[in-house]
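Only one structure is covered here, and it is reproduced in the block below.
Which chain is which? They are A, B, C, D and E, in the order written, and residues in each are numbered from 1.
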């Protein structure tokens, strides 16, 4: 469970609500004024902002983009843990195995491997697919992974463009109606206030929901990509018959936390 | 028929109209006020926003870009279905055929193939064009497909820039006229209201029409590109004489829905 | 003559002028009010917007960028026609000639060729420059063509940034003067109106002149680039001694209008 | 200690505070009015801008991005000095050593080297890893360094987007409350003033804190990258057995300050 | 001396000053009103805009970026002339020399060469550095030149972002003070006028100073880059022993002004 995303969401909403409630008492002190909250709940405003954004997204994206929303929320709030270090350990284990018992011996060991990408990639090596074909296939697959994730993020990035635009649309509708039928100048300020609520909704939707979701998906992608890249490099190194110590050194250098602790031993290849 | 795009369009217009109609009755309840709708229909405003946008597009793009609009609307509302899975099956079928009866035997089988790109690409192989030339030609063709589709999207993206600019131009014209001839201060609010309608049109045109169209064209491009990329990779693999099982594995890994179900069998190449 | 650009420009100006003239008669009907036009012609406003934009462009670009403006206007309004199909035909003609009479025989035929790029590129082949050098040279030349055209477009794109900024500057100057010397509150609205005219000029200049010009130059570049790319690919194919039928097939696949009509014949290479 | 960053921050805050304090005395002279400062300190405004920005960042980034803030501040205010010239000298020293005593002799000399990247990279050469593998590994590592640093900058760039958005949100909340409960028109101006303070905070946070930090991190990255690139090129040149004089010439050409002083000697390779 | 930049700057300032001075006489005619100029000179406004921008730049960039400003101004106002044609002539001269007397004979001729890059690059060839190393070194150097120049431009581009932001900050400070202490409603308009001056400064600084400087530096870079690219290509061609006529043809094709005058002669390689 990724508490940070949840906490961020709760905090954001909380700060906004407290901000709305704060008012000044006649004696100049700051007090909470719960009656102010109702001015910020306006069903027609929600309809135009949320409805307009969803309508624009329906024209912009296929149905399957909408169907992925629950999956994306799961990626945000309950993400799979990617541990690049453990993948390096597995790769080094297979590299040692391959050195001692040959590439074919890897097939039995693979039964216990849970990661599908590692398993299927190593099976290519076990099946004696030529090295340059393995390299081409894994590179193409990583490239397409990046492409597909970029398409997923595009959905939320577009949403973060549409929401303020429909917020502004709602405010424009309010203003135009207001100015056209200005029979009652007393109600002017109040109606202006209602008009502005849609702009408020648009800004909040974009900056507290859509943009952060798009960005967290990007961060998750980067974690997944690093692991798959390590597997891809590792599998190719195993096929090349590289020294397990060198494979470990090589893959460790790609980690963000990479720092040499003491001297490296002579890998004696 | 892509109902989603149509529904999105109808919903978007619907939400906006309802939003316009909503008013507050003297007793504070929300009522529909059909007379408010007329304030949002202003022929001169439509002329300046739509006319200005079209005029700017005429200077920006050649006639053939306008001629493509019906084709693009068809791609949006009644798209060709791209099924990457079925292309993989066809490729694997041809790969098996080529293994058993040789590359030349593919020519007869191709007569039943409906996809032009698959057919013409495989004919290059049948005609014994050298592999590196086939690879260069198919890559160049895919690259140019991407280029051409990007040019198509540019039309709608530019339109989505021009529309709000001419909306703002209309509002400026209204304001300048208003302020210059302010003989009647009573009509001020009403005239301001009319001025704002052009901004409203500009925002709606950009965010409910042009941007969503540009984006859906991008999504359709990605579907087409994936299929053509699969065909291109598959045709090259057939020419290389790859094992059909390996070709299937290779192409399947490029699909978004790729997930290993059970173990892979030894491809025994 | 490219009537579309001219028509677009005339239409754009026309819509704006009609928009300015439209007014409401006391009886509520829409009438043309020619006296409103004078409020939109303000020499000082033209000076600050156009003058400021030109001044900023003078600091931003060298003199030769200004000297190219007439050439660019010619490219916009009276463009050279690029016909990729006719280039393919010429290339195929030369390819057949080369097959029958050898590469050297091309030299005589080249005298009738009007296209300089095609002529000089084929001369490289006739002069027996090594294939990899021809490839490197033509690629470098195409790359630099793209670079140079991008530099040309940058001029108009920058202008479309400066124009609204100086429009805003003019309005700010007007407002500051207005507010500083507000002796006469009656003239307030009228002076505000004059101030807004500069913003209006800036928006029009950017969206009806500079942005569309930059974009049309881009479109023209794409047409020219496609033809030069076809020549470049074709010349290299002739040098490689490719089958003319294959060259035709190959180059045709790069055309936007490419669609297979009936079956391809066996090129029998 | 990087005094410039600290001074910039102090100066920026100082200019803003003085700007706030400046007022006009009744006699028209400019005086400092300390009582104006209190209008700019508004706890609820700080809460919505800073709180909202932090909340949005919590949804956008993982916890480790927040944990890196102290490290980034250290990079800004107390940076490691990167001296490309000294790295070139070390590389040349090792290159001479390798020429005289062979690559294996470098191992002893490396004990005195403090730079981890130089040390571990040269050890790859000492351990006789094949040149193309050394090249691939070092390139991949540099590429990933760039990727990781770009991810770090993204944090502050996103923050500089969120801060003005929540500043605007706060101002909208203030305006909506103001207009909805406009019982006291006298307090109108004062409350409007308070509303604007959040916009002010958002602009300051983005332009004096987040954007400058993101940019300084980019500058620091470029310094580090240049040094690592020099080491990477140098280590590969040592493995290739290049002449130390040529290595020096080659690496010096990558320095910003590169300028030939007098003639180059014949390297006599 | 680049008069265009100077003239642009003077014209820009001139147009703005005249624009400020223009006023309407009571009889409706346009007159110059010098007393309006003083409303645009406000020391505190200059302090917040210029001071804030400089402070933000101090946090954003290292000291050496500031130290380069005089050098950049020299590049803008008194640029080095880059004449690609003359470089082609020099390259062709050296190519002929190398053909007749061998590569070593170039060393003597190089003493008269003033261009450091040409000299040091040709010395690599004279010193018999392997072709692929010369190519790698020159490419790397050109790539780094581009990188370094991009970093220089980033300084002015950032400045053009900060200036309007601090202009807006100043206006916000003015408005907040104004609204908070609105004792004197008569002075309201005048104080508002002063507030707007900072926005005016920010827009001018960005659009008449920082953006144009960044762009002119880009233009100068493109001129320098073209010449260095020609030298790089030329030096490699000399090392390859290419025909001087072919070298001339090849390099001339990279020039913007390239157009075939009459027929090419058979280079008879």
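Following the convention adopted for this analysis, a residue touches a chain if its C-beta (ideal position, glycine included) is under 8 Å from a C-beta of that chain, and two chains touch if they have at least 3 such contacts.
It should be emphasised that the depicted structure is a prediction, and the values quoted were computed from it without experimental measurement.
With steps allowed only between chains in touch, the distance from subunit A over to subunit D comes to 1. In this entry, subunit C maps onto subunit E through a rotation of 70 degrees when their C-alpha atoms are superposed, rounded to the nearest 5.
Where subunit B touches subunit C, under half of the residue numbers in use are shared by the two copies, so each contributes mostly different positions. In this assembly, the C-alpha centroid of subunit A lies 39 Å from the C-alpha centroid of subunit C.
If you average the CA atoms of subunit D and of subunit E, the two centres end up 24 Å from each other. Residues of subunit B in contact with two or more other chains: none.
Around the ring, the chains sit in the order A, B, C, E, D, counting from subunit A and moving first to subunit B. On subunit C, the positions that touch subunit E within their shared complex are 43-44, 47-48, 51-52, 54-63, 65, 107, 111, 116, 119-120, 123-124, 126-129, 133, 137, 140-141, 144, 147-148, 151, 154, 158, 161-162, 165-166, 168-170, 172-173, 175-182, 191.
Remark: subunit C residues 2, 4-5, 7-9, 11-12, 15-16, 18-20, 22-24, 30, 36, 39-40, 76, 189-190, 192-193, 196-197, 199-200, 203-204, 206-208, 211-213, 215-216, 219, 222, 233, 242, 246, 249-250, 253-254, 256, 259-260, 263-264, 266-269 touch subunit B in the complex.
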